[in-house]
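Here is the structure we will look at.
Chain nomenclature is as follows: A, B, C, D and E, assigned in order of appearance, with residue numbering initiated at 1 for each chain independently.
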Amino acid sequence: MITALTSLTILGAILGLILGVAARVFRVEGNALVAELVDILPGSQCGQCGFPGCAGAAQALAEGRAPVTLCPPGGRAVAIALAAKLGVDADVSGVQDSVPMIAEVREELCIGCTRCFKVCPTDAIMGAAQQIHSVFREACTACGKCEEVCPTESVKLQPVPVTLHAWYWNKPVTQTMQTVAA
Amino acid sequence: MKLFKLRGGVHPEGWKGLAAERAIRVLPLPERLFVPLQQHVGAPAQPLIKVGEHVLKGQIIGASQGFISAPVHASTSGRIVAIGDYTAAHPSGLAAPTVTIESDGEDRWLETDSPSDPFSLLPEEIAAAVGAAGIVGLGGATFPSAVKLNLSRKNNVRTLIINGGECEPYITCDDRLMRERASDIIEGVRLIRYAVGAVDVMVGIEENKPAALASMRAAAAGTEVQVIAVPAMYPMGWDKQMIRALTGREVPADGRSADIGVLVHNVATAYAVRDAVRFGRPLVSRLVTVSGGAVAEPGNLEVPIGTLVETLFQYCGGFSEKPARMVLGGPMMGIELFTAAVPVVKGTSGVLALTAREIGSTQASPCIRCSSCVRACPVGLLPLEMAAHIRAGDSNAAVSRGLKDCIACGCCSFVCPSHIPLVHYFNFAKGELMEQERGKLKQEATRKLADERIARTQRIERERQEAAEKRKAAREAREFAAKQAALQTTTEVA
Amino acid sequence: MNFQKLRGELYYQAALLGGVALVTTAALALADRATSSDIAAAQARDMQQSLTQVLPGEYDNDLLKDTLVLNGPNGEVTVYRARRAGRVEAVVFKVSGNGYAGPIDCMMGIDRNGHITGVRVIKHKETPGLGDKIEPAKGHWIYEFEGKSLGDPPAEKWGVKKDGGVFDQFAGATITPRGVVKAVKGGLDFFDKQRAQMLDDTVPLRETFGRTTEGGKP
Amino acid sequence: MSNIYSRITRDSLWNNNIVFAQTLGLCPTMAVTSTATNGLGMGLATTAVLVASNMLISSIRHAVSEEVRIPVYIVIIATLVTLVDVSINAWAHDLYKVLGLYIALIVANCAVLGRAEAYAAKNPILPSGMDGLMMGLGFTFALTIIGAVREILGTGTLFADAHLLLGPAFSFMELKLIPDYKGFLLMILPPGGFLAVGFLIAGKRIIDRRSASVAEPVPAAAPAIS
Amino acid sequence: MNAIAHSPHAHAPISVNRVMALVMLALTPATLFGFWLYGWPAINVWVMSLLAALLGEALVLRLQQRAVRPVLMDGSGLLTAWLLALSLPPWAPWWIAVLGSLFAVIISKQLYGGLGQNPFNPAMAARVMLLISFPMEMTTWVAPAPLGSIHAPGWLEGLAVTFTGSQVDGMASASLLGHVKTEFTRGIGLEQALSGYYAPLDALLGSRAGSLGETAALFLLAGGLFLMFKRIITWHAPVAMLIGVVVPALIFSAVSPAHYAGPLYHLLSGGLMLGAFFIITDPVTSPNTATGQFIFGLGCGLLTWIIRTWGGYPEGVAFAVMLMNAATPIIDHYVKPRIYGRNRKGVSMSIEPLKKES
């Protein structure tokens, strides 16, 4: 009995020591996850999620403080990518697969106040004071900040017009479960 | 000549009899022609004319833009009445930039000087002439031919293959062309051979076209051109399939046929090359098969580019019954037209009006994993698995199973007993992936812009602060000096 | 105690795990002491029970302690002996037969005159619902052996009916009863051969329980 | 405070049931649930271990360091299981003959370690004990139901051999529901266990969905399964 | 605007219903022969199986709130029940047929998601379920008593056999595989066991005790060839399965003829022919590629032979098929067609620099 007691105690002590050492040797510094999450997010730092910029949102996501559906400009695709990265089973059906949007200036209403121009996080609005502004399509992330500040409602988010170049086939709908009775 | 083993492929009902025995007829000149500015793979052409201007047949109206592009020419003489969007021959039904020409009825060619002997030209000059004539791959790929010629010459292409494989059901325009204008084609072939410096020339024609084979063999007699019968199957007209049948080699997935020393051109392209080099005539018309169970008198027509499809149907006696579907191109890869008011373009080989019986059932049922599609796929893909992944929303998994190698030939959908629209899935996924790719590029670009903006605002803020500090220091210095001065004054006063 | 501070130390991990090991081992050792005699008694009771099943009647010795190890056809066999007034009245031992899906282990009891007092299957892997009718819980078949001996029925009739014997087979399964009959017959033969030794009253008592664990576990 | 306990109870017994919601501890579940009695016995033994391990681990939670916590928990759980094992063997030997082989399986029941990690290591002793008890009872409930389904379908009886587990006073529970039943062996064998668990989980989900749609003012229009 | 249809705008004249109908047509001769051989009880079993499959599938579809008609009309449920019925003892009680069919269509097929989603062959899964649950009913065979012969039960007697379980005396018999297995344990050699019990010609024609539709090797072979001719199945899996049984049988019977039966015996007994031509060619549960199907068939054959020879049960086709069904995803993962212009690993062929040849 004494043998059992001593041998098991010593074994426990040695294993404990090994684990303690291992914990020090293999300590993970920082959080690689946050960096990967930042890569997934749009990076326009628009702040619509309520966190300070995309890095703040990534931090919150990594700590589980925010749902993967937090990014409105990212839409469904980003939500799915985040869920996959975090390994969570998110219900993304609530996130409407937003038609890609873009800001457009209605020239007859624009007074050239430059407010939209100042808040745009990606410098996608061109123009100067007292001149009608216009949107540089390639740079607009449809974050909607310009829409918020525009005093005359001349800036509005509109669906991106489909072009021959961007058009592609819809997903076929004739499916197995299509036979579901109404 | 030994032929090499092929795999996959299907044998759809040919329906060639509808039009194969009808000799080529020239379509009477239509009143208006709608010539799209992009009829080829690559960048669209830039319009060179203004509304109201008068043009001659063969006059350039759109200039090629960039390396991979082709010019567009007026298909007849007349007046430009519009330059703007017109419904394109595209499944989306969207409009594309199009030049509308009102014919003056004279059909007068632009005067050009042509060489007495085309073989006296330098190879580069032939390629240039082909490029200037706006010739693109007429088998349907519409890749600018001059680009291929130049690339092949640089790659020391040894073998020239002329693709006489017309495997799409109904379509007989190449068949007729080979039967009726074989010696012109052979001359075109020899010009291409000369232009790229190829050694061997093979013309592959499916064995179910004995008349075309005979006439081409007769025309090729005594030249270095070999005419070879290949098995009749679909997709024999796929250039890589033709290469495999004739040479036994495969084009690397990441490469081009020039990488293995082979250049493939369609017979109709060879015919157009001959016209362009010998007579300086650009590509302004082509042969189009009008066929299908609903067409009263199917036939093969020589049609100016830009003619509306409805004109073709009208000329062929209209419809004998209401067509269930109008198709531009062949039934395997063609696109459905929801209106016949779209123009014929350089890549249009046929227009079909099909009855419901010819189309067959399209009601989809669950996949039973019968793997008919696997056996039918000429590329060696697993269509059923790819479609299952795409259906589940995982297009990337489909890519890892070869989605990007898919040529959308339609063999899998054709044989599927469950009538699953497999190719539709693949094209959806390809489009989706392309959109993702574009989105990613845009995201990177906007991120850079946002970072720049943040850096700039920080810099401005910093500069403003520095300036403020400077001002403050200056003010303090001034005040100090003033004080000192005041002090001094007081002292002086005192 | 301020564990917060201590927990970071390296020696603390060793001490903690060692300590827990010490405490738990001690607990187990104590538990073993407290229960070992009861467990042994319970196991002995089990064995006793299974012996009584194949050996009905009153005997005045402790069968578990009155054993004999003999060389059987397939290695050593522990024979338990039942006495009345010092005279060996019956013996119990284990026999094995080949069933459909593996060996079938049986306990069988034989009285002094060579008549079977009972047979029970203690372990088998036969198909449930088909071959498991050899269990008393599933059928009465196993009782057929009681009272039989080597001469009754005659040796050539020691088999299932299908093979011309007297024992029933069950519908759908022939192999299982065939295996059991063969095993029981083998047990009788073994008894017949070693009869003198088994029934020899003078063999000194030997303390074997504790060493022989065979059949000791349920 | 009682709020906590009622939440623990509701969660453990139904919402977060070890078998039907977490699908943990399937190895012992499949192994013993060939009869309702076996399921009940295994469930009770697991409950005992769960209560003891949760309370013990909760009481030392401040002393246990991150690095060695899993070995410590495992050693404690294994010890407790062994104690239960030898106790039943010594003092309830008939029950041991029914459950004996499976008692040791409790060590491998991930639900026990799971509760230690997820609850006991973070909560005070009493709630931890309560959690262990209720999780254990939820487990017992699940095992008994599965056992009952398998037993009824497999052999046509219910609570066979209950007297071995609960004493002769409970032999009234032993029912023979279907006389002259031929037996449906598949249900007694492991595949039957999986089938029973699968159907019962499906049943639980249907009940949950029904009650959810009753609770909601606007019932979901979508069909249950599509 | 109407949705634009994607190409192709032509389709081969084939459909799921047609595939199922052709397979049923191919099964008809063997089935009719079974009816004739075993009489009215066999017909009852077959009818009960098919009815139960239809009703069971309809019930599940109702519960799932899916349209019933299109699914029942595709014929896959009927075919499953048909195959199951052919593998049952011809005089099995009605509830065996019903329970097996319900298990096949509800648990083995619809619970996995319906047609095309089930990993295991539903008919074989149901057969295995019945075999382990009701070993007695599933291994009670009768000697053939062709319709119209003296021993054959009449229509009413047939109903009694199927629905009340009454057995006609003297009809019980063992299947060949079961008989040999039983005799082996008695230490009786193969030759003796087979004498008087096994006549290759009878086996070929199917006149022996066995499952409803498994005995007529010749009719099953003909049905399989018909399906190959119609291009519903390919030769790979069936031929590989027969090879998988014949080759080890040949080797082992050559080494020790007293203990191991020869290839002909294996080919003509049990469910091998039905399995090779109708079970393992089920597209849903077999691999996608020709090579994969060959490997699959070979595995089925080998496992069948191993289970028959050394296993606990006399017949191994159902178990072998289920084991290989489980291996199908692995086979499909490793055996893929080579993509044009790529090597087997999916890497693009190298682009060799060309030299100008003069």
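We adopt the following convention: a contact is a pair of C-beta atoms (placed from the backbone, for glycine too) under 8 Å apart; a residue touches a chain by one contact, two chains touch by 3 or more.
Note that the structure is a prediction, hence the values are computed from the model and not measured.
Peer 1: Weigh D-E against B-E on C-beta contact pairs and write down the one with more.
Peer 2: B-E is joined by more C-beta pairs in contact.
Peer 1: Taking each chain's centre as the mean of its CA atoms, which one is most distant from chain D?
Peer 2: Relative to chain D, the chain whose C-alpha centre sits farthest away is B.
Peer 1: Could you name the chain whose CA centroid falls nearest to the centroid of all protein CA atoms?
Peer 2: E
Peer 1: How many angstrom between the C-alpha centroids of chain D and chain B?
Peer 2: It comes to 66 Å between the two C-alpha centres.
Peer 1: Could you grab the centroid distance between chain A and chain E? Build each centroid from C-alpha atoms only and quote it in angstrom.
Peer 2: A distance of 53 Å separates the two centres.
Peer 1: In whole angstrom, what separates the CA-based centres of chain A and chain B?
Peer 2: That pair's centroid distance is 37 Å.
Peer 1: What whole-Å value do you get for the distance between chain C and chain D if each is reduced to the mean of its CA atoms?
Peer 2: 34
Peer 1: Would you please write down the residue numbers of chain D that are in contact with two or more other chains?
Peer 2: 66-68, 71, 75, 183, 185, 189, 223, 226
Peer 1: Residues of chain E that touch two or more other chains: which are they?
Peer 2: Only 6, 65-66, 70, 114, 116, 133-135 qualify.
Peer 1: For chain C, give me the residues that contact two or more of the other chains.
Peer 2: 12-13, 16-17, 20-21, 129, in rising order.
Peer 1: What residues on chain D touch chain C, complex-wise?
Peer 2: Of all residues in chain D, those touching chain C are 62-68, 71-72, 75-76, 78-79, 82-83, 86-87, 89-91, 93, 96-97, 100, 183, 185, 188-189.
Peer 1: If we count contacts the way the header does, which residues on chain A are in touch with chain D in the complex?
Peer 2: Per the stated touch rule, the residues are 12, 15-16, 19-20, 22-23, 177, 180.
Peer 1: Write out the stretch or stretches of chain C touching chain D in their complex.
Peer 2: 1, 3, 7-8, 12-13, 16-17, 20-21, 24, 27-28, 31-32, 34-35, 38-39, 42, 45-46, 128-129, 218
Peer 1: Can you list the chain D residues touching chain A in their complex?
Peer 2: Going by the criterion above, the answer is residues 66-68, 71, 75, 223, 226.
Peer 1: Inside the complex, what are the residues of chain C that reach chain E?
Peer 2: Per the touch definition, chain C meets chain E at residues 98, 100-101, 127, 129-130, 163, 171-172, 174-175, 178-179.
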